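Per-chain residue numbering starts at 1, and chain names A, B, C and D are given in the order in which the chains are listed.
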Amino acid sequence: MTNSKFEYVKSFEQPDFLLPNTWIVVRVDGRGFTKLCAKYGFEKPNDKRALDLMNAAARVVVTELPDITVAYGVSDEYSFVFHKSCTLFERRASKIVSTVVSTFTANYVHLWSTFFTDTPLSPPLPSFDGRAVCYPAVMNLRDYMSWRQVDSQIYFPFVFRHWLTFQGHINNLYNTTFWTLIKLGGLDNREAEKLLAASPLPPLTSTQGTFKINYNNEPEMYKKGSVVFRDYELVEPGTHNAAEAADAMAEPEQQSKTQAEKDKKKRSKARVVIEHLDIIKDDFWDRRPWLLSNKPGKTPKEP
Amino acid sequence: MTNSKFEYVKSFEQPDFLLPNTWIVVRVDGRGFTKLCAKYGFEKPNDKRALDLMNAAARVVVTELPDITVAYGVSDEYSFVFHKSCTLFERRASKIVSTVVSTFTANYVHLWSTFFTDTPLSPPLPSFDGRAVCYPAVMNLRDYMSWRQVDSQIYFPFVFRHWLTFQGHINNLYNTTFWTLIKLGGLDNREAEKLLAASPLPPLTSTQGTFKINYNNEPEMYKKGSVVFRDYELVEPGTHNAAEAADAMAEPEQQSKTQAEKDKKKRSKARVVIEHLDIIKDDFWDRRPWLLSNKPGKTPKEP
Amino acid sequence: MTNSKFEYVKSFEQPDFLLPNTWIVVRVDGRGFTKLCAKYGFEKPNDKRALDLMNAAARVVVTELPDITVAYGVSDEYSFVFHKSCTLFERRASKIVSTVVSTFTANYVHLWSTFFTDTPLSPPLPSFDGRAVCYPAVMNLRDYMSWRQVDSQIYFPFVFRHWLTFQGHINNLYNTTFWTLIKLGGLDNREAEKLLAASPLPPLTSTQGTFKINYNNEPEMYKKGSVVFRDYELVEPGTHNAAEAADAMAEPEQQSKTQAEKDKKKRSKARVVIEHLDIIKDDFWDRRPWLLSNKPGKTPKEP
Amino acid sequence: MTNSKFEYVKSFEQPDFLLPNTWIVVRVDGRGFTKLCAKYGFEKPNDKRALDLMNAAARVVVTELPDITVAYGVSDEYSFVFHKSCTLFERRASKIVSTVVSTFTANYVHLWSTFFTDTPLSPPLPSFDGRAVCYPAVMNLRDYMSWRQVDSQIYFPFVFRHWLTFQGHINNLYNTTFWTLIKLGGLDNREAEKLLAASPLPPLTSTQGTFKINYNNEPEMYKKGSVVFRDYELVEPGTHNAAEAADAMAEPEQQSKTQAEKDKKKRSKARVVIEHLDIIKDDFWDRRPWLLSNKPGKTPKEP
């Protein structure tokens, strides 16, 4: 099967194993979504169909790759978290990233017509790029997730921040934010000006306060983004510490084969849900210890 | 725009720049195509629709990414060659790989129904993984391309080698080849046995000789795979040496802006063709110097 | 200061930042020490001068690079542990590795004549290579350290395992171990044979038991290797958990400048000691929490 | 020999193979030489002993590592060029860099007393860091070498630019250059001011013109730096093209064993010389084709 004199070229491939025992986050980003928003007339500032499509594609990715414990999406981006014990593809970065990006893209394109019933896709098609980043400690991982959620809230209520850019406000965050504060935040010129004069941006809570009236009427999806994960029964916080246990973990769990099989089966049966929750506070993680431990929880009772 | 205390997580992203002044090859491979072939009933040993779909998707990738000078596909894989002077995405591996994989996947899924008119896609959808490899010298690049083409010919006439694997011949190349030699090569048992006894495999030309009668009736696409590139007027070999010139090139060409604009325009107007040619011999490269020089040739006269 | 047309070559340098928030271990290994042992007539199986020289060189490295919290040496190798919060040289691997190797080598060569008073160095001089490895969790780091100490004990009592190799026993661990068990372990042929028949090697404790009579007379340095660290007052185990605290740490500590200055001063005043202790059991780490926390302890009272 | 439960930590070591078929340049830089110059009273602006010591250490490195074809040094730095076909240590970056740095350091420290007969070394000892960079084309490699030589000339006549820094001129290149132009260039205040007003620095030739009177009396070593290589008989330029041949080379030469042995022997017999030549112009490379081809030339007749 060897083909002699050309085969040496294989040696030019550089290994790209991701450091063992670290959390792998693959973030997928829409390419050129500014134009895409304009082309397909996404609603401003939030297009429910576009977000639902992102979520539907992400749900397939999480379902097909059981090493992913949780995913978080906002606007045209989605972050997929592989458990630190994951050994998929020997942790080769290019295999992991390309597989996630390809699976996401395939489903985004395939499901398009389900969400955009009147607007068929035409070339150039939507596409996504991706990258993998490793996080050693649970706190680093959670800070990453918080970073994405805070980022989405600062830019709130732009689901597709690209849409704004497209409107000719390129490189002018001040103007676009100003305009949004007025149109959507219900502020007048002076209030908006004052708010923006503060640098850095005021804490989110106060921002949210300012927006109270309108903001509360916005759907949770626009305010919080979307979290995708396998659903088990919630636990009482405080009865354990999944973060500490995960941090102390030294190597891929040596389970008995029977246990591994059981876990696998339970995982494949679990419902993959899409929710819109605060993932910055402890509560989200404390009540769902399986996200960090990778041990399936109890199957929830039928609603 | 900074969001303070979480933003430090950005520093965990590792740079992955590909070495400047080297040829970048991104190879895309079908994931689990063994099952896919079975699921959609791909014809054996070659399915014209499946290959045409691969080629159509590859053509879009080459068209949308002008830094790609040539691509070569066979079976469920496609290799895309970025010119050594390419600076796309600052040559970041994950951006380049994921963009190619995503664009390829999007078009594969979108164009599916054009080629498989009676067989709609259903989950799990086809997907692809990818990797990038750098080659410093033209000869390394050409040896890579030759490797892929030889590889395809050794396995010939399996368009989808996976199909065979699926038939229960896993890890048994001998058997599958034996069977093919008889069914498609027109050999009898003894001849097939004798041919396979030689190790390593006999030179391709002699293999081709053995197959002469049937082999000549096979379409070129099955025998040679597919090359995708921008089409300009062929030149007389010998009047220049594109390989030497490319090897001697030290950095991304410093063209005048006008010239760069002209080249870009010419490139975007060029027809991207799919052909089935020998890419191992010099002739293919000598007559198409633009593949190595990245300087557009003359627009060919209309046929 | 720019020098124009050549400066582009700087862009070929690839970044090699080590993942933040992980323990960096730089291991230094003697190059060709088999020959060196023979050339300078190192005593067999342990040469006190050679080990003392290694330790002296390592002590300088730890003293000059305060980011190193602990080092462990055995035979012709030394491992230096940089705290996970270390930002020296922006964590560039080549800078860190080469600095450690160079400092170690300089002192090894310079101090040679102090330990080998009658045997001057002559070319080719002793030299060392090095590499850096990152460990995300405290348990990974401790397992690394245990690995080196166990490794040294399995080979015990070869200080310079190379010496044995040199004696013509290349690739014949069985023979060399057999011989050592007899000569140094006080076993007879049958006992040695029986011991070696067990595979993998019997637990260290029982091995030590077998050797009890002779082994106990061996200096600790030969049995345990050498640990180098800053010395503060030992603490009662159980009053804290430095490992858990270190694992939970998310980023380089944001200390007040005053505190950082104080710590630095304390660190620079601390005595760097060389001891021969068990570093596999918890006790070593529990009683010296500063090794994992990087917070200087109390200055010990003068003896 | 396995030691079970700790051995998994080996898997954390990341491979760091340098891309095959590229030139590897390892640059070694003095650490903190500003202080060192002051401490040992290096003569200003050029200390012959210090440069001779650098050269002597570099000569040993080139002699002991036959994969190095040429080295270039100036001030407190030295660049070592490994031939693109080199397979030393499987091209692992950390092994190659640390070996060069360690060998260089060992010899620097050991030879110190030969050159500084009255000034014994004392802690902290001189040390060096290092890094490896790959260059795909001969022109990239030559541009790198030219970059180092030009760099040295722009700063001329500072052998140890650090010395100047130390004199309190930190971050004030203008002042230090100004001072040097007057003291060493023989210019008066106005002329120096005028020269420095030009930005970027004037071409070297004109600078050299300006300095003509004094500059010509400076030893070549101060003006050109030092090149270290194996010496064979010079050839007539134009009879061949080593650069083109090297660029076209696709893989480590498959020589007959006999030829490889012969080459090795010839290489080990060759005299390693230190010269002070212009390495920017073609002439240096054209007359010494073995530097790029790695094929030993004719042994020169005894002078």
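Everything below uses one rule, namely that a contact is a pair of C-beta atoms (placed from the backbone, for glycine too) under 8 Å apart; a residue touches a chain by one contact, two chains touch by 3 or more.
Nothing here was measured: the structure is a model prediction, and the numbers come from that model.
*Asks:* Given that chain A and chain D are copies and touch, would you call their interface same or different according to whether over half of its residue numbers are shared?
*Replies:* Same: most residue numbers at the chain A-chain D interface appear in both copies.
*Asks:* Applying the document's contact definition, name the chain pair with more C-beta pairs in contact, A-C or C-D.
*Replies:* More contacting C-beta pairs are found at C-D.
*Asks:* Could you put a whole-Å number on the gap between the CA centroids of chain C and chain D?
*Replies:* So the centre of chain C lies 32 Å away from the centre of chain D.
*Asks:* Averaging only over C-alpha atoms, locate the centres of chain A and chain D and give their separation in whole Å.
*Replies:* 49
*Asks:* Centroid of chain A to centroid of chain C, CA atoms only: how many Å?
*Replies:* Using C-alpha averages as centres, the distance is 42 Å.
*Asks:* Taking each residue of chain A in turn, which ones touch at least two of the other chains?
*Replies:* In chain A, residues 8, 12, 14, 19-21, 134-135, 140, 143, 251 touch at least two other chains, as defined above.
*Asks:* Considering only the defined contacts, which chain A positions touch chain D in the complex?
*Replies:* It comes out as residues 8, 11-12, 14-15, 17, 19-21, 251.
*Asks:* Under the touch definition given earlier, write down the residues of chain D that touch chain C in their complex.
*Replies:* It is residues 1-10, 12-14, 16, 28, 31, 60, 64, 93-95, 97-99, 101-110, 121, 123-135, 140, 143-144, 146-147, 150-151, 154, 173, 200-201 of chain D that touch chain C.
*Asks:* How about chain C: which of its residues touch chain A in the complex?
*Replies:* Touching chain A: residues 19-22, 84, 134-140, 143, 243-244, 247-251 of chain C.
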